[in-house]
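Each chain gets a letter, A, B, C and D, in the order it is written, and its residues are counted from 1.
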Amino acid sequence: MERPAWLRLLTVVQLGIIGIVILAPLGWMVLSSFKSSQDVTAYPPSLIFAPTLDNYVHLLGTTPFIDYARNSLIVTIGSTVLGIVLGVPSAYVVSLTRISWPALLTLAARMAPGTLFLLPWYVMFRELGLIGSYWALILTHAVITMPIVIWVLLPSFDAIPRSVLEAAQVDGCGIIRSLWRIALPLVSAGLVVASILAFVFSWNYFLFALVLANSETKTLIAAAFNFVGEGSTDWGGLMAAATLIALPPLLLAAAVQRWLISGLTMGAVKG
Amino acid sequence: MPASTAVRALTLAALVAARVPQAQAADFDWTKYKGTTITFLANNNAVGNAVAKHKAEFEKLTGMTVKVDTYQEQQMRQRLVTVLNARSNEVDVFMTLVSREGAQFAGAGWYTDLGAFKADASPDYDFAGLSPVLVQAATIDGKLTSIPTNVEGPVIYYRKDVFAKCGVAFPTALDAFPDAAKAIKACNPGMTPFVSRGLRDALAYTYSNFVHNMGGRYMRDGKSDLCSAPNKAALGLYAGLLKEYGPPGVVNYTFNQISSLYRTGRAAIAFESTNEFPAMMEGGAREADTAIAVLPPGPGGSVPTGLGWGLSISPFSTKRAPAWYLVQWATSPAMQAELARDGIAAPRAKIAEDPDYKAFIAAKPIRQEWQNAVDAIARTGSSEIGFPIVANPASRGPIGQSVDEVLLAAKTVDQACADADRSLDALIAGQ
Amino acid sequence: MASIRFQGVVKRFGTTEVIPPLDLVIEDHEFVVFVGPSGCGKSTLLRMIAGLETATAGELFIGERRVNSVPPAQRDISMVFQDYALYPHMTVRQNMAFGLEMRNLPRAEIAERVDRAARMLQLEALLDRRPKALSGGQRQRVAMGRAIVREPKVFLFDEPLSNLDAKLRGQVRAEIKALSQTLRTTMIFVTHDQVEAMTMADRLVVLEAGRIQQVGTPEAVYEQPANRFVAGFIGSPSMNFFPASLKDGVATLADGTRLALPGCVDHDAVTIGVRPETMLPVPAGSPGLVVGIDLVEPLGSDTLVHFRCAGTGYVARVPPETRPRPGDTLTLGIDPARVHLFDPDTGVTLRHR
Amino acid sequence: MIPSSGKARAELAVLGAPAILFTLALIAFPFCYTVWLGFQKVQLGGGQSFVGAANYAHMLADPVFWSGLRVSLVLYVVSLVMQLVAGTYLALLLFNAKRMPGPLRALLISPFMLPPVVAGMMFLVVLDPSIGAANYLLQSVGLPPSDWLASPQWVVPTIALIDTWQWAPYVALIVLGGLQSLPASVYEAAQIDGASGLRTFRRITLPLLLPTLATATILRSVDLLRFFDIIYITTQGGPNDASNTLNIYGFRVGFEFFQFGYAAALAVTLTAIVLGAVLLLNQMRNAVAW
């Protein structure tokens, strides 16, 4: 049925208002990052000002921003890959056998406060000699990414008709081969979404890196706090850093938004 | 420190002779640990950043490599505690606030006694030149926990132009403060008359000066003493000033909001750390119209709050001797003169005599005022911020809470101090 | 080519026994249809042959080989699923080739076999399409093609026609039958549709509650049902069952109607089974069942007449020219030779009339 | 469908075991260590003594724990309600605006992709009572300024607002999925029955969405009951204890006050609360499933 024009207009107007509410703080952040230290604390706040790249120049020039970004990328990609490698087969097994405790077990870490892990993990990784290596961060971040992969993929695997997997069995696939040749290609949209979410949540997580990283492996998000320091609180610089840190997740979201909506919703509804 | 007397005499003599920065005594081998890498866990404040900024000079001098791992204070502490708790050798040198965590860390054995290393100092390392007050504060159970790196304390930054315009004289007594603030509010309604820390866990730093100047102290005979007359007066005065004359939302204010507010010309008086001097002056707008003073005296006299960050060596470090080289270099007279020019008040009175530094101070009158305030702090300061107990960090909470309760008009002064006494007595008893 | 032998096979899911101990032999080259209502265990039997379910107890042989623990792929069977189970991400060609690839057949042979099957099923034009772009009937043929290329010893069909519309179903039914005659391979076909069962099977296996009720040719099952269940299940509309008593060759129905059933043994209580198509209208006054018509369903070729007798509903299939109308009274003659007798308690056919 | 042949079992084990082993390897030790630590009095720098349930007894007598529990629950309920309402509303709009350009859609759902640290910093600037744009905006439309995060009364609603800004779009995504999976025939039937738009929503859509909303509730509850990031960045639990959630309190006790034993007891308690809530909510979800 065709919706009346005024109703459609009403929807657009409401979306517009919500859009402004959602985007205004983001816009303000980006705007502030182009303000000089004087403009950024000016009151009343100004929309019209002489934009400057100083904050970015300063940020990239005087802090190891690029190094931190590289660390973040290594840790994030590493933990996302590890999360997928561990999570995909596990989700497949849970979907096949309907035995759900392994999936629940991987969620246990999400029920505890993150600070609970800091002291014991430090002790543990020190014993393993992994403190200050990327592995400590990749492994701990995989604790975050793996459940995401499992829970996003579970409904996708569940949605594959059992008969297709049985046909593969009759055709001569073992379980491992049926995952690789049949199931995985069929959940590729879910896999994209799972990877994106795993990437984003790993990129955004700061608590573990605070303790398990050192000056050479520190991630961007853990370093972000350093932009608020005594004697030098630099709101413009802070906003420039915030903007740059937020950029990768936002770009990813934009790039895959169509998949994200279909894939995530499917996952979330059934998970 | 009887053992160090001789060293002190020696180095004193040496210092007089050699005041040129980076001058090295020929008989001290800075390159002894060439090739060693040491890790320095630094707080992201002026002190930590300044050391980090000059680290290349140290590396050139010694042939050692320094890895500086910088965090904002809270995160640094989080990491430090984790590292030390695991007895890890990951960190060699770290920054510490003895006035805060000193007793706890010393009790845990988390400090290397630096007294033993003093002998291995460069001849121009004037140990005796370090502020005796701060060295005393850094000595716990006869062990030197850390070398003072800076001296700092809250001071009054105020707008002399506004005072002049409103015909108000800078108050000479602490209890005259509200009147001055009131007069400024009346003649300049758009401006915040007074701002200082309102954030619960941060305000003990500024509030303690009020307590001491009013003649109060935190503890008496092993009991919390917050309901004594001077303490109640301090509580009423500090909370009242912020409540009546502070900015909206002052209850969340700490150094960064305060310096932003003052720098942009929206506060007439700011009571904040000497370390914030560069931040307050940034952009140059405040250099001409600002004056700096210590908090006016009260019934208890003038007892500015003074403390300093210190450099410590981890007892779990496997490179304690090389680590000492970084500590002594960073706290050497030459380096401290450099740091002073970055706005870090040195815990060495003699720095003031350094000609370069003198020229630097003389370049702007405001710098001299700042230096005077720092001197006063170093001379007469008290580092009692919060309770002189091992659980000092935890004791700051109830103090801040009592101020905020009065500030937010949630409780009267009597109720607030009584409640705080109860929590603190429990804390003292629980040790 | 192979026979299949169940020896005391039992299947339990948890504590529920879906197949009580069962023995059955399916001969080589035979086209056997498992038929029964849903939940009767027919699919479970088929899936056990396929290896998709494992027997809880007993032994299962394909040919002379005991296959209880042989994985599906090594049983030399192929299977057509109810929803076809095509691989959605593969083209028709890839779908058909997949099973051969898994067996590491040479590429040339795979291509040759796929082409041959495609020709046989008229799929040549569709080889590069994905399942999504096919109609239901085409998908069904691809599923068949996938089974054929494997050249297995046994074909298994799990209700492969139930997703097709009625017209197509008749056509494919004929195709499969023709195929079975061409390939001469053992075929096992599961369905709940007794028309499919009757038309295709060399032999029927009628199942209920996991138990074999009767095994036999369609004619035998239709003409000589082993029990009341088989009698009711096979044939459409279902057989009518009248409770009665039998004495001296005369049956007395619940409404008092007396039917002559010469030569029958006396029973105090018996169930008389009469197929709708064997109840034919006779002139009023002739011996037979006098009924009032409730409802008439003209099918064209014949007409179904619904009536009640002693409170129970029954159906008769009468020639269309009879033109009965609701409310009319009709006398239905019953041919004693085509009447079935069942034990009212056990449902077993009473052979000794 | 999985035959119990040895090979199949082996393959399942090969696929399933790594995730389980990995999880156990990483979280078993921290969990056990923390539970153990909860029964100890920890001497900083090594040395601890078993004190039984003393830490838990101390917790029950600690007014800050109770206020933390209250703050946690209030913040949980306020945030959850706001996010469910706002998320459902946004989802309905998105559902109706089918021809919306993709990039715009992506922007609308983007906040939850943002690092919470960044969101916290952003709002710290925007909501600053002195320099922030939010108060300027309020005043320019004639409303009184607010102290936002600095007001003991408003700090919890403000934090809930920030979290809603960030997570309502996520809830919206979930609800959108729920909407898309509702059978269209139900709406057609409702239309034929003559139900108005609002009544259709209340009587048809909402009840059918309940399982979806229950899922969203579980997903958000896990995070909201452990509320940490945004408070850690903005107020650290203040003013006074007005935003001192259990998670923040536990963190401060451990890493600011160095009372590891008590901090462990708090962490164990919080974990138990979250676990209990998840199990309870899962029961509820099963009850509303259709």
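Here is the rule we use: a residue touches a chain if its C-beta (ideal position, glycine included) is under 8 Å from a C-beta of that chain, and two chains touch if they have at least 3 such contacts.
Being a predicted model, the structure only gives us computed values, none of them experimental.
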From chain A, the most remote chain by mean C-alpha position: C
More contacts between chains, A-B or A-D: A-D
CA centroid of chain A to CA centroid of chain D, Å: 16
Where chain B and chain D are represented by their mean Cα positions, the distance between them in whole Å: 38
Chain centre separation (chain C, chain D; CA means) in Å: 56
Shared-contact residues (touching 2 or more other chains) in chain C: 51-52, 71-72
Numbers and ranges of chain A residues touching at least 2 other chains: 41-43, 119, 123, 166, 174, 225, 228, 235
For chain B, residues contacting two or more additional chains: 74, 78, 85, 260, 264, 266
Complex contacts: residues of chain B adjacent to chain D: 74, 77-78, 81, 84-85, 87, 101, 104-105, 107-110, 192, 198-201, 247-253, 257, 260-261, 264, 266, 391, 393-394, 400-401, 404-405, 408, 410
Residues of chain A that touch chain B when the two form their complex: 37-38, 41-43, 118-119, 122-123, 126, 131-132, 210-211, 214-216, 218, 222, 225-226, 228-233, 235
Residue numbers on chain D that touch chain A, as the complex places them: 1-2, 7-8, 11-12, 14-16, 18-20, 22-24, 26-27, 29-31, 33-34, 90, 93-94, 96-97, 100, 102-111, 113-118, 121-123, 125-126, 130-133, 136, 165, 169, 173-174, 176-178, 180-181, 191, 211-212, 215-216, 219, 222, 226, 228-229, 247, 250-251, 254-255, 260, 263-264, 267, 270-271, 274-275, 278
Complex contacts: residues of chain A adjacent to chain D: 1, 3, 8, 11-12, 14-15, 18-19, 21-23, 25-26, 28-29, 32, 40-45, 85-87, 89-90, 92-94, 96-97, 102, 105-106, 108-117, 119-121, 123-124, 139-140, 142-143, 146, 150, 162, 165-166, 174-176, 179, 200, 203-204, 206, 221, 224-225, 228, 235, 238-239, 242, 245-246, 249-250, 252-254, 257-258, 260-262, 264-266, 268-271
Of chain A, residues touching chain C in the complex: 161, 163-164, 166-174, 177, 181-182, 185-186
